[in-house]
Amino acid sequence: MRVKLKDIEFSSPILTASGTYGYGHEVRDMADVNQWGGIITKSVTRHPREGNPPPRIAETRSGMINSIGLANLGVEKYCNEIIPSLNELQTKVIINIAGSAMKDYLETMEMLESKNGKHVGYEINISCPNVKEGGIEFGVNCEMTEQLTIEMRKRTDKLLIMKLSPNVTRIEDIAQAAESGGADAVSAINTVVGMAIDVKTRRPKLNTAFGGLSGPAIKPIAIANVHKVFKAVNIPIIGIGGIATAKDVVEFLLAGATMVQIGTMNYQNPNLGIQLKGELSEYYSQNEIEKTEDLIGKVEYHSN
Amino acid sequence: MRVKLKDIEFSSPILTASGTYGYGHEVRDMADVNQWGGIITKSVTRHPREGNPPPRIAETRSGMINSIGLANLGVEKYCNEIIPSLNELQTKVIINIAGSAMKDYLETMEMLESKNGKHVGYEINISCPNVKEGGIEFGVNCEMTEQLTIEMRKRTDKLLIMKLSPNVTRIEDIAQAAESGGADAVSAINTVVGMAIDVKTRRPKLNTAFGGLSGPAIKPIAIANVHKVFKAVNIPIIGIGGIATAKDVVEFLLAGATMVQIGTMNYQNPNLGIQLKGELSEYYSQNEIEKTEDLIGKVEYHSN
Amino acid sequence: MIYREMGKVISNEEIAEGIYKTVFISPNISSSSMPGQFVNILPSLDWRNVMRRPMSIASQGNDEISIIYKSVGEGTRIMANWAIGEKVDLIGPLGNYWEGYKSSFPIIVGGGVGIAPILNLHDVLLEKKIDHCLIMGARHSGEHFFPHEPQNKVFLSTDDGSLGIKGNVVDILKSIYPIGKHSQNTKIFSCGPPMMMDEVRNYSNENKLDCDLALETIMACGFGICQGCTVERKAETNGVHSYRNRFALACLDGPIFNAEEIISCV
Amino acid sequence: MIYREMGKVISNEEIAEGIYKTVFISPNISSSSMPGQFVNILPSLDWRNVMRRPMSIASQGNDEISIIYKSVGEGTRIMANWAIGEKVDLIGPLGNYWEGYKSSFPIIVGGGVGIAPILNLHDVLLEKKIDHCLIMGARHSGEHFFPHEPQNKVFLSTDDGSLGIKGNVVDILKSIYPIGKHSQNTKIFSCGPPMMMDEVRNYSNENKLDCDLALETIMACGFGICQGCTVERKAETNGVHSYRNRFALACLDGPIFNAEEIISCV
């Protein structure tokens, strides 16, 4: 069950997905947070963000769409109010950073680096529209992704994970850009652009009209993207999208993921990642799998 | 319920999606095919194609993935064996054409045009890898899409509909390319790239590993794409993706579609399009909607 | 403390047209919950939607809790068919609770699916012998499951006049307590459909009454980790604001908000 | 003619460990179906998966049809819980049917979930008084619901020897009819798991016997419009081939294929 990213060992390959588990302490009554392989925190930005007006979420078939809008305290308060409580966690913590301009990302990381946080790394959410480039997301552009990765790399020796958007023609190109920029790993996928309309009121079910689709509905899209990236890069991949069962975790590993994250299904079952850790370990022993590496990328193509 | 595309009137805005209703006669025992607004036939290509080896389909949460591989008779046999039976249908027929090089598409259309088919138009599937361009799909490239549309336009006065792929960074750009190439309409979306792995056998659930995701799971993605295209072009849009209920049809109309297509759910209920026509007409009278145009694009944004 | 507990269904009945009441054995939630709080429910163990279904607690005590709900969609349809003995995955108690009723004359107003938290408060007020007025609205008599007893300050309204007073709950309010005719310490507690809540809020404003409203927003988690359940507050948005200042979370900061505090009831 | 018909469940029982038999009133399908054909089933009216579940018809006649199935997943779990009187959305009869049994000595071989179409054929052969041999395999006695009657040429096998002959169906075949010991007109009809079918095919080959196999592929529609249910045939692939030549459709061209004709049983 143990798995390593660079020199960091995680007790299980199962992490929380950013934005779906708060800062770890919200669920303490219902789950022993330290049993997760690690916690990836809600995106933090350079300045506080109040997020989008309601409604921010809507249910869809086997999934949901959201447009939370990166609501967060901003990195200053984060350093003072959140880091101390993260430091108390016994599991590995990865801080997710978002921004809308290169400068924001870099300043945010610099401030986080200047604190004595026990966090082991950063996950960089590059699916936010870049204001400077006229609203283009970093995550859809290879040069921007590579440049951002290079600059982030200069500023930290901790784990550096670039989180990829599926809303692109060729995710493998973006993954390669992250790799050549010096990322230690990539994670995939962030949410898929989606929209729903209430036919009664004729209003979009989200205030912002468009949002991000997540949950079991997108699992096949996530598996496809992970596998494409696996064929394109040599750094580890963290698989994300629709995980609900231990079989889903194995499916991501076979597709090429070294670790996975659980998002939407935490809302239904805040103990899911811990439960799946147990089920996965059972699966390993039943199928005589000694270590997670024996599964990673081990999908076997049909021969025709 | 009647709706027009250019000068062609359809008795209902509900069409069959290509590849999900054969050539119309397969279901004659269970559905009065002529009650559909129209039939869009399975993609035909220049040469016969045997399609991909099994397994070709797999179920996923609220959806399915497929890699049929455009199995079809080829346009010559199509002209001789299929067109005569299509000519007997009392509903409007649109022939879907696929290809892997410009030449294929054009020859296929020329041969179809040379027959006295009663079909009212063509839907062009541009989501197949272009062999000349090294496997890039027409549908992901603006210039290729525009060029193909221009050449197709020269060869027919019938309806010309370009079918858009969602597997691109900016679908609106491709839609604009189709519009400036002279398309009468665009349809969206084709399937979303997806993959699933059988954890027992470790084999991909599809022989080709990757396939296309369809069904209710993708509806939010389809609605988002239709709405993006609606904001970008002035030609009509035919909405496709996960339709299962009359409310779903209305949702697509509100998002900007003039007509819709039903795909995957035909497999469960081959009479669905006819049933939804009835339910839609009830919905119109209950909500005092006089004509379909009163719904098209009438989503009302939240005001903040 | 929030519990995730398998509640055992000990009764499940249609108590009015399309309105159901389920009683669970759920000791932890029962002993720790307060009127106004809610539970977040997995309608079935093979539930294929991603969201639980939040329901106010209608009563608690003796190891039991109850909920009262309208069958409006897929989840509530499954709930209406729960069998006796079935185990249901519950998370609760969640949210804040009714406060300030001890030092006031409470007028408590419920309608639509907003009757559960109001009935819960009513029971507590009866138990604590706090004089109060209960007003309940419905579309017609079939939707009521409670007697109209003006003598006990229990008033029912129906849109069609088929039971109690014809009109909506605010029509009743106005007829019993015309504008300006309130004692100083009257406080309104209300839960119901957004339109009704807006009217109740306007009435309270006109009467300069303190008013607490229990709002229903779409919720994914119910315990603060999705940030989806926001309610817009009249908070300063310029300057340095926290993310829960202007957009409060209905599951943590609510579901009960002071009427003065929020922008709208939708 | 293919019908979409609401079949009314008149019985639904567990006839062996995890194996269920359901009888429907379904007049149209009953009167038009032949042994070997199948129906495509919507497990419930609020079924949220996109595919129906194909099941062979185990018997037909008197306005009734029956199916026999193993509870292996979500759909069959719902089916196992159908109540008497429930209406189930069926499409059928679909596919081709067993042929060539009149002019032969049929050996019919079933195993796993492939017992329904074999039992159906058995019944027809009994009715038509056609002498034949029935061989049925299972893992252990609990999965059989039929007597082992060698005197009537009905042989059961179990992997663990707990009922009938220890071994698999091909072990039985070999023991009753050693290689080479067949009369000229023997024909094998078989349905079962892919591994078993492969062994049966090999046995038939060695004995130069005609052999028809009913295959189970994943199906979306069941009536020829999805092209998903392909079985690979030994057809020429060079030159001009039609799309149903090399890759036949199990729902239209099958589910029954001659063993010689196909590449593999998977």
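Order of writing sets the chain letters: A, B, C and D. Residues in each chain are counted from 1.
The definition used in the following text is that a residue touches a chain if its C-beta (ideal position, glycine included) is under 8 Å from a C-beta of that chain, and two chains touch if they have at least 3 such contacts.
Keep in mind that this is a model prediction, so the values were computed, not measured.
In terms of the stated touch criterion, the partners common to subunit B and subunit C are A, D, listed by label. Note on connectivity: the fewest steps through touching chains from subunit A to subunit C is 1. Greatest Cα centroid separation from subunit C: this falls to D.
In this assembly, the C-alpha centroid of subunit C lies 56 Å from the C-alpha centroid of subunit D. Rounded to whole angstrom units, the spacing between the C-alpha centres of subunit A and subunit D is 46. In whole angstrom, the spacing between the mean C-alpha positions of subunit B and subunit D is 36. Separating the centre of subunit A from that of subunit B, both taken as means of CA atoms, is a distance of 33 Å. In subunit A, the residues touching two or more other chains are 53, 61-63, 216. Multi-chain contact residues of subunit C (touching two or more other chains): 48.
The part of subunit A that touches subunit C in the complex is made up of residues 19-22, 26-27, 29-30, 42, 48-51, 53-59, 62-64, 66, 68, 71-74, 77, 215-216, 264-268, 270-271. Against subunit A, in their complex, subunit B makes its touches with residues 53, 60-63, 65, 140, 167-169, 192-197, 199, 201-204, 207-210, 213, 216-221, 223-224, 227, 242, 247, 250-251, 254-255, 298-302, 304.
If you check the complex, the residues on subunit D that touch subunit C are 46, 48, 74. Contact residues of subunit C toward subunit A in the complex are 1-4, 42, 47-52, 91, 217-232, 237, 240-247.
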